[in-house]
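Labels A, B and C are assigned to the chains in the order they are written; within every chain, residues are numbered from 1.
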Amino acid sequence: MKLSHTFGASLAALTIATSALASEQSIIVQSTTSTANSGLYDYLLPLFQDKTGIQVNVVAVGTGQAIRNAQNCDGDVLLVHAKPAEEKFVEAGFGVTRTDLMYNDFVVVGPTGDPAQVAGLTDVQEALGKIAQAGALFASRGDDSGTHKKEVALWAETGVDPTAASGDWYRETGSGMGATLNAGIGMGAYVMTDRATWISFANKQDYEIKVQGDEDLFNQYGVIPVDPGKCPSVQIEAAQTFADWLTSQEGQSAIAAYKVDDQQLFFPNAPKN
Amino acid sequence: MQGIGEAVSLAIQLVITGNADLFEIVALSLRVSLSATFFACLIGLPLGALVAISRFPGRGAVLVLMNALMGLPPVVVGLLVYLHLSRSGPLGFLGLLYTPSAMIIAQTILIAPIVAALSRQVLEDLHGEYAEQFRSLCLTRGQTVSALLWDARYSLLTVSLAGFGRAVAEVGAVIIVGGNIDHLTRVMTTAIALETSKGDLALALALGLVLLVIALGVNAAVQSLRMSARRHAYV
Amino acid sequence: MSSIDTAALLRPQALPEARYANLLPLRVRGLELSCGGTPILTGLNLDLSPHGCTAIMGPNGAGKSLLLKVLHGLLTPTAGEVCWGSQPPAAVTARQALVFQKPVLLRRSVAANIDFVLKARGKPRQARDALLDRVGLLHKARAPARRLSGGEAQRLALARALATDPEVLFLDEATASLDPSSVQVIETIVQDACARGIRVICVTHDSGQARRIADDVVFLHGGRVAEHSPADRFFSAPQSPAARAYLDGRLVL
């Protein structure tokens, strides 16, 4: 019957597609969203692929989910920004080594009206304190991502427990950076975001950076090849090649060269060897 | 504020300039969702037919279950499939996670209950009309099922279309098991989600419009098939 | 195509007498059937000889159609015994065919409706054109079956019944409300079938039809057989008061 032909054909097509994939060397990078959404990978990966022929597939999720996926052995390289969690990942044997890769910084963006009067502050704890005091809306990722972890730490240093006001002025979106920015801008809330995502974000409306420049807003990215001892499926050679290239002179220059609107988004700081 | 007008002109521009990325994404969307629809029909139609013509204890519970499964949240299906296909999961050795195959599996699970439940209804109605004649002809169960499936083919086409519609429009399952990897597992809906999260609402909306046009095209094709079938009193 | 012997295809493959001996005579004893708690047949007895055409008549609601379905094995009686030779109806359904009052045709072409039955019974498809020709539908072979007129549809249903090569052919008011030419075609085919040895049992309201095709008449009334006579005697001198009243047009239930 015709039906069984179609069935056979699509099965064959599926098989071919899968085997074609397997034949060329490719790795999966479990990544934070900011590096993907800002367009950094679109710039870096073709350079790397041209040089090595290794296909890099990026799964961009929050840092928390990226780490969990990597722990399930569903990636070859982890590229996130939550140093304590990354170190725990390596200690538990899931990662080979963690290397500092690059940094940028977090900023707090808000509406032109600036209801909590935080514009121009360089002390982020002071700014958060004023927001809490004014009860001005604040949209949080609330998704256990690197940015969220950082934000929670900053609130703790400020001495405010915003979750007590969760649903009131403190709004946890439980979504990615972009979705949280869309939601925050929609409701007129302050949002803490990494600078890279903010610069490349296209739906800014009347929002601008209100708080920046505090040392505490420093945002370090790290790269970790997943340990083949824990995860035998890992393509460790290709994974190590990718991590080495990123931290090499060539990779670091490429990171520095990536600009949006003439602004550098990431600042390479891998240790020189 | 980015308007609808901007999105429409962007959508038209994307299509007429033959944007390669767009066509790659559209092609993958269609490949994944059409394959899922095909496999869901392969599972759902015979299942629906068997339940339609059978009477057994607990049939009522089966019907309730089938109807309830129609409302499976895509994210839940995505998670379940992820847990099975993950390298640390029972089927991890297949290496299917983050491939189109994984997306096809997830969407098949998502829409097979829709195909089964809706086809059960269609075939039960038709069987009501045919049952006595078929018993007089002493047909076997297999002959009955295949005759019902063939005679209800145009209604079942609409049923499969309902499944396809849900598959091609869902994002929750494919983004988890596919990973929205550029040039590998990025489909219309995950691309829309991505552009939205980048704040590029016009591009997201433009992609949405393209998706809408595709859905319209598929529906129109099926509708015209049904119209010609109706002229032959085959519906 | 023309080399096929039409008559041979239509003939029920020169059935051996032994096969008849299995299925007939028909013996019904103490048959009871209730529908939704209402008794319809109450202790019905009936014997049918191996050959000929039997008309079952009776007022509306007498249970004629239900009796036919019991005999065909589609309905299980509440009580009583039905024996085709030595077998119960459900065991011999496949050796019989029933033409319903409202033909149930598949949503396919005329030809495909016949093909379906031939295939289901493992019979060669070549028989199809001869069957369609026999009922005057060969020119409509490719037409959608459900676009046929009432008379054409019933002729197709009859052709389909014959395609199963039955030993017993039931007709349940098969010609009610059909055009006269279709009635004539159907009656001719039924008479032919009967002449070729197929046992015909038909339910009809049409006295003229019963006179034309039936050898004997079974008259149902009050849940039982009120009279079972040869057709000519039934119409010229009915024995039971109910049959007399019915034929005079006085009996309404």
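Note that in this section a contact is a pair of C-beta atoms (placed from the backbone, for glycine too) under 8 Å apart; a residue touches a chain by one contact, two chains touch by 3 or more.
If you're wondering where the values come from, they're calculated on a predicted model, not measured in any experiment.
Leaving out chain B only, with every other chain where it is, the touch network divides into A | C.
Every chain gets a centre from its CA atoms, and the centre nearest the mean of all protein CA atoms is that of B. Work out the mean CA point of chain A and of chain C, and you get 79 Å between them. Chain B and chain C have Cα centroids separated by 47 Å. Each chain gets one centre point, the mean of its Cα atoms, and the points for chain A and chain B are 32 Å apart. The touching residues of chain C, when paired with chain B in their complex, are 72, 74, 93-94, 97-98, 100, 104, 106-108, 116-117, 120, 144, 146-147, 164. Residue ranges of chain A in contact with chain B, taken from their complex: 6-7, 10, 14, 17-18, 21-22, 28, 33, 37, 41-42, 57-60, 69, 71-74, 175-179, 181-182, 200-205, 231, 233. For chain B in complex with chain C, the touching residues are 129-130, 132-133, 135-139, 143, 147, 150-152, 232-235. Interface residues of chain B facing chain A in the complex, by the touch rule stated above, are 1-2, 35, 38, 42, 86-89, 92, 95-101, 104, 179-182, 184, 194, 196-201.
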